[in-house]
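You will see two complexes here that share subunit A, one where it goes with subunit B and one where it goes with subunit C.
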Partner chain A sequence: MFWNIYSKRVLCGLREKESMFWTWIFPLLLSTMFFFTFTSLDTVGQLRAFPLGVVDDAAYHRDAAFRSALESVSGEDGLFELTAFGDAADADAALVKGEIEGYILAGEPPALIVTGDDINQTIAKGFLDRYLQTRNSVALILASNPGAVNDLPALLQWADYTKEISLAQNPPSNRISYFYALLAMVCLYGGFQGLITVVYLQANLSPLGARRTVAPLGNWGAAVCDLLGGLTVHLTGVIVVVAYIVFVLGTDFGSKLWLVLLTCLAGSLLGVAFGAMIAAMSKFKEQVKIAILITFCMVCSFLSGLMVQGVNYIVAEHAAMISWLNPAARIADSFYCLYYYDTYDRYLLNLGIILAMTVVFFTAASLFLRRQRYESI
Partner chain B sequence: MIQVSNLVKRYGDLIALDHFNLEVKKGEIFGLLGPNGSGKTTAINCMLSLLKYSKGSVSLFGEPMTPEHYRNKRRIGVVMQNVAVFNELTVVENIDYFCGLYVPDKKRRRALLDEAIEFTGLGEFRKFLPKKLSGGLLRRLNIACGIAHKPELIFLDEPTVAVDPQSRNHILEGIRELNRGGATIVYTSHYMEEVEQLCSRIMIMDKGKSVAIGTKEDLKAMIRAGEKLTVEVYGLSGAALDEIKAIDGLVQTEYDGHTLTARCASEIHRLGAVLDVLTRRQIAFGSVFSEPPTLNDVFLEITGKDLKD
Partner chain C sequence: MKVFKTCMIICKRRYLSLLLYLTVFMTLSIVMTALHIETASTNFSGIKPSFTVVNRDGDSPLTDGLAAYMRKHGEEAVFEDDRRTLQDATFYHATDYIVFLPPGFRDSFLSGGAPELETVVTTHTARGFYADSLVNQYLNLARVYLAGGGDWDEAELVSAVLSDLSAEAAVEKKWFGESAPIDPAYLMFHQMLSYILLVLNILCITNITLSFRRPDLRMRNLCAPIKARSLGGQQILYGGVIGLLGWLLLTATGFVMYGSKLPGTDGRIIALMLLNSLVYTVVALTFAALIGSFARSATAQNAAANAGGLVLCFLGGVFVPLEMLGSGVLAVARFLPTYWYVLALDDISALTVFDASAMQPVWLGMLIQLAFAGAFFSLSLAVGKHQNQSERHFSSTVTEREA
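Up next is the complex of A and B:
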């Protein structure tokens, strides 16, 4: 009996087009879109150390300040992989062959020779401009206030400059948080399964519900089987999306993949409970309820930073309560905790909130479901 | 088998069932006949404990019916007025699902499933999804889902609405067969011909009340009107019409210039007498009809309304 209900529910779920779209197709498309957006951003990110030439001539040797500035931003973690050339002709040859992206000719002022104007060349030019600007400021300060020489190191923060540039390249933290928000959204779409389950269970919500209500089914046994079936369908979708993001798109979710999946399970339960509550609470048409559900998911996802990067931080800062009560934000934050923190305090707190909300939603739904004779059908 | 007494059901201010009483015995095909909105569906839903009611009692199989009376529920089959099947499941899967709510045993279920498919003539469509089925076939699927588990008591709420005549005959024949197999049947419809053909006892409902109950013969005997005579005749003189009107046993005689219609009193036949007058007066007449009274006549006489539409 229970297997009959469960298995048919799974079949139905897998054949149901609308929820399939929202839980499978839509997230797959969205994650693919993210992926391509980030890949193009990543080519920008790779400029972190690109080959730049410098003509190692007398002028370069003389200008010790420039030399040290240039060297301080070069190397593994810097901006440039610096190659020295004997004269300008050698550097030109290397530039033509594409071995370097450009080269610097020391002098007064130092010059940058490049062939194109893509982002790497812009960075090199930015460096040069900034150097000249700083040098002029320093000269000016020293001319008016020789005592300021002690503050000079602060003015020459090249290391900071490098860091700032590399931060602008969408560090993994920002980029992955899109995927976290996306996955949180997918979890919440479990609401479809909860909603459909309840609509098909209730005699006053659908003819199917009426037909099942006249059958000799205990209220709860059938409901639980149905919900489990719906949850199974939903989790299948979630796992497909996670697998796609991790294995096909190659996004790093950290080493705690099992906990990521556990979080997905908790998040999905929350989604299912929410959908069940929406369906049980009102007598709107099914389509209206679905619209409410989608809107809710979208708003939560927006506030958790799915569409616009950083919204989650803004909300957390200015309306902490909303952030704490936003299921999408809690789910996304759980993933974030798993990735970045070694301790589990915050993760467990998130998980606790998610489960508490689940219980609240299910309880609310079941209060509405408890009546067995209906005022009208 | 069914005992309903003094049932009152309100939807807000509207009284959908007004002290409704009903008794159905084992082995009957009981017809609930009434125009749209007369409360047939409401009555069934109350009997099934789907709806709350403000007053009265319902007992099925001799026991008060409640939503938790699973033993009773197991013996009942319901075919709702609205088609209720899963759109994502095929014909076979749907029947198997609903049958499975009553019959846990898989082997037995398979046999029942085949029987139900045979019974509704859906053999060619086993793997079809409901949206690929025509209206008539969908209704048949709806019926199959309701009766596959071989219930002892079957409620059919307008199972033939919007069904082509061929499917309808198939369905009616099926219902008779279920009845021969021992099932008691409650059948609602607003098609009087159907009810007349099928049911052993009939209740006519209007505005949530039973207005008449009995076999179709009882019902027809209940009213003054009997046989209806129609004669095509031209140039009937006033004197001839008066003579016809004077025939004892004719309750209502009218002439519109080309058709003479006359209604006999219940159980009385006066076609011969009418034709006698015409022949004697040498008035030529065309086609002649004599129709027994219909349930519509019964309804018309009791409520002053037409049952149709």
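Up next is the complex of A and C:
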């Protein structure tokens, strides 16, 4: 009996076009779009040499120290790709065309001419500030202690006091959190299977439900077989999406792939339970229930960082309770813990919350479903 | 005009779902616009990287001076000295740069040592580099004073260093246009507009085609005393009116939300942006007509609106700036109308003069969009004609009766 109902439910699930679109095709499409469009997301804002102009006039020629300082930070491994212009008009023309990010006018003090406020212009200004400040300091010291002139080379030797370290086992990534939020959304879309399961069981919602109500199998038996069938269909879709993201798109999920799959299982269970609860607790039409489900999933996904990276962090910082109660945020955070942390305590806490929510949703659904009688359908 | 009126009635009956879509998309685009935008200014303000100083050495004039100098050039993000908190802050860019001042740092530095400060920079960003250069500049100037001789009291040393660090180069921010630059938030809104316009038009048009393509209704209409040209013409008129109404509504929303930031901007730039979005509306309408030729159910309609909208907008550079797309994606993007819409929008916003050579890329972008519209419309007509002549497309009548 179990196999009969279970296998039919799996077949029905695979033939349900709407849920198949949302749980299979839509995530595959969205992950492909993420892959193509976020390729350079992790390299945006990285330090690279940028084109900077300098007006090669008499003032620039006179100031050998400034010329030497500027040339020392330019070139292949430097900050600037330096271009000299005969006069300010030529530099302006290059600035208008976007060929340079700004240009320097030597003088007392040297000036920077730009059209924007971006980080490159800020770095160029930082270089000029540093030159001015160091020159002023050395002048002041020499004025008060002329004997220090002999130590000038040592004074001007730039010391590097800092050393970069990493706080985590894997490097931070802007791209990967979008994939986490996407997987969390797919898990929650398990709600479609939970919803369809209950619709198939309720006599007032589908002719199939009416027939099954009078069939010689108890409500509980049918519900368990159906839910397991729905979960199987959904989990297969989730595994296909994970495999596609990891093996085809080559996104690094860290080394704990089995725990990623365990999280997907827990997340899918949560999704199925939520869908079952939505379907059981209200007497709306099926389309309205689907609309409620999609809206809920979209809001949870938005708050877990699907559309804008870091929204989940902002919510966790300013409204921690919403973050802890958001199933999509918990699922996405579990993936994040597996990738980024070297301990498991927060991962296990997330998993515990996901399973607790699942129990609450299933209990609520069963309370609404039990002892239902229909006077008239 | 019975067909036109019927189309309007169908649309009116589904206004609730359209309104829901419109509200959700508008909210999302407003949130995304708000999160991505930095305000435009005519004065140079520079970038202020966020930084965190984790002081494990205790407060002293030297460490206080460093924090004060960093605050002048950056935004301080304060976090407790907890590994996990700092890990989260780094991953989610809550801070661009973290510097750890180790125990004994002050004593070691003032006695002429070179203590090593550990730093965390978010994926080697330029912002992190800039913040790092500030720390090194502060400490190097202090070292220069100490090495230059003289008996320095710590507070005096810090005061002298901070005084020298207050010297700044002059920066002139030039704008070569005849008027103020366009507000970035309004520009971003126009970029997001392409997604809303596309999805809204697909839903409005497919609502009609779904109804009119029901086999029983089609057969009834084919034998009705109305010419096919009139039937099609009135549906096209409906599409035009709906497209124009949607465009007007969204344009008005843009003015209501960002109107206060527009005075001072050249009116020609705003007019060109509006013209560009109107041209794009025609593309969206014809694309919707093409989708409508294939969609046979509400499921297919929703799937096409979401999938079509996302593919066109992701690959076309609506959600992600064009310069961030790889060369391979850009090669594909050239075959999408959204790419030309975004490109024309970028060209318009960068206009400083309005001569023929400056305007050429703008007109080219709009013409290519119109060419796409022509291609989509011709395809939808061809598909429609094929379906009218194909027996298969009337064969689901029995299913309809059963349902």
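The definition used in the following text is that the second predicted complex is superposed on the first by the 241 of 377 C-alpha atoms of A that agree within 3 Å, B and C clash if a C-alpha of one lies under 4 Å from a C-alpha of the other, contacts with A are read in each partner's own complex, and residues count from 1 in each chain.
Methods note: contacts are C-beta pairs under 8 Å (C-beta built on N, C-alpha and C of every residue); 3 or more make two chains touch, one makes a residue touch a chain.
Please read all numbers here as calculations on a predicted model, not as lab measurements.
Enquirer: After lining up the shared chain so the two structures overlap, which partner does A:Arg130 touch, if you call subunit B first and subunit C second: first, second, both or neither?
Expert: second
Enquirer: State whether subunit B or subunit C is in contact with more residues of subunit A in the superposed arrangement.
Expert: The partner with more contacted residues on subunit A is C.
Enquirer: Quick check on the superposed pair: does A:Pro207 touch subunit B, subunit C, both, or neither? Answer first, second, both or neither.
Expert: A:Pro207: touches subunit B, not subunit C.
Enquirer: After the superposition on A, what does A:Tyr374 contact: first (subunit B), second (subunit C), both or neither?
Expert: First partner only, subunit B.
Enquirer: Quick check for you: in the superposed arrangement, does A:Ser255 touch first (subunit B), second (subunit C), both or neither?
Expert: neither
Enquirer: Please work out whether A:Asn120 is in contact with subunit B alone, subunit C alone, both, or neither, and reply first, second, both or neither.
Expert: In the superposed model, A:Asn120 contacts subunit C only, not subunit B.
Enquirer: Counting only touches as set out at the top, which of subunit B and subunit C does A:Pro216 meet: first, second, both, neither?
Expert: Once the two structures are laid over each other on A, A:Pro216 reaches subunit B alone.
Enquirer: Could you tell me if A:Ser68 is touching subunit B, subunit C, both of them or neither one (first, second, both, neither)?
Expert: neither
Enquirer: After lining up the shared chain so the two structures overlap, which partner does A:Ile5 touch, if you call subunit B first and subunit C second: first, second, both or neither?
Expert: first
Enquirer: Answer with first, second, both or neither: which of subunit B and subunit C does A:Ser282 touch in the superposed model?
Expert: Neither: A:Ser282 stays clear of subunit B and subunit C.
Enquirer: Counting contacts the way the document defines them, which residues of subunit A are shared by the two interfaces, the one with subunit B and the one with subunit C?
Expert: In the superposed arrangement, which is not itself an observed complex, subunit A uses no residue for both subunit B and subunit C.
Enquirer: Which residues of subunit B touch subunit A in the complex?
Expert: The contact residues of subunit B facing subunit A are 11, 45, 48-52, 67-68, 70-71, 73-74, 76, 78, 80, 82-86, 88-89, 93, 96-98, 100-102, 104, 145-146.
Enquirer: Taking the touch rule as given, give the residues of subunit C at its contact with subunit A in the complex, in rising order.
Expert: Against subunit A, the touching part of subunit C is residues 20, 24, 28, 31-32, 35, 38, 41, 44-47, 49, 83-84, 86-88, 90-94, 99, 114-130, 132-137, 139-141, 143-145, 147-150, 160-161, 164-165, 167-176, 299, 303, 306-307, 310-311, 314-315, 319-320, 324-326, 328-329, 352.
Enquirer: Inside the complex, what are the residues of subunit A that reach subunit C?
Expert: Touch residues, subunit A against subunit C: 17-18, 21, 25-26, 29-30, 33-34, 36-42, 44-48, 92, 95-96, 109-123, 125-126, 128-134, 136-138, 140-142, 144-145, 147-148, 151, 154-156, 158-168, 171-174, 177, 291, 298, 302, 307-310, 312-313, 317, 336, 340-341, 346.
Enquirer: Give every residue of subunit A touching subunit B within the complex, in rising order.
Expert: It is residues 1, 4-5, 8, 11-13, 15-16, 200, 203, 206-208, 210-218, 372-377 of subunit A that touch subunit B.
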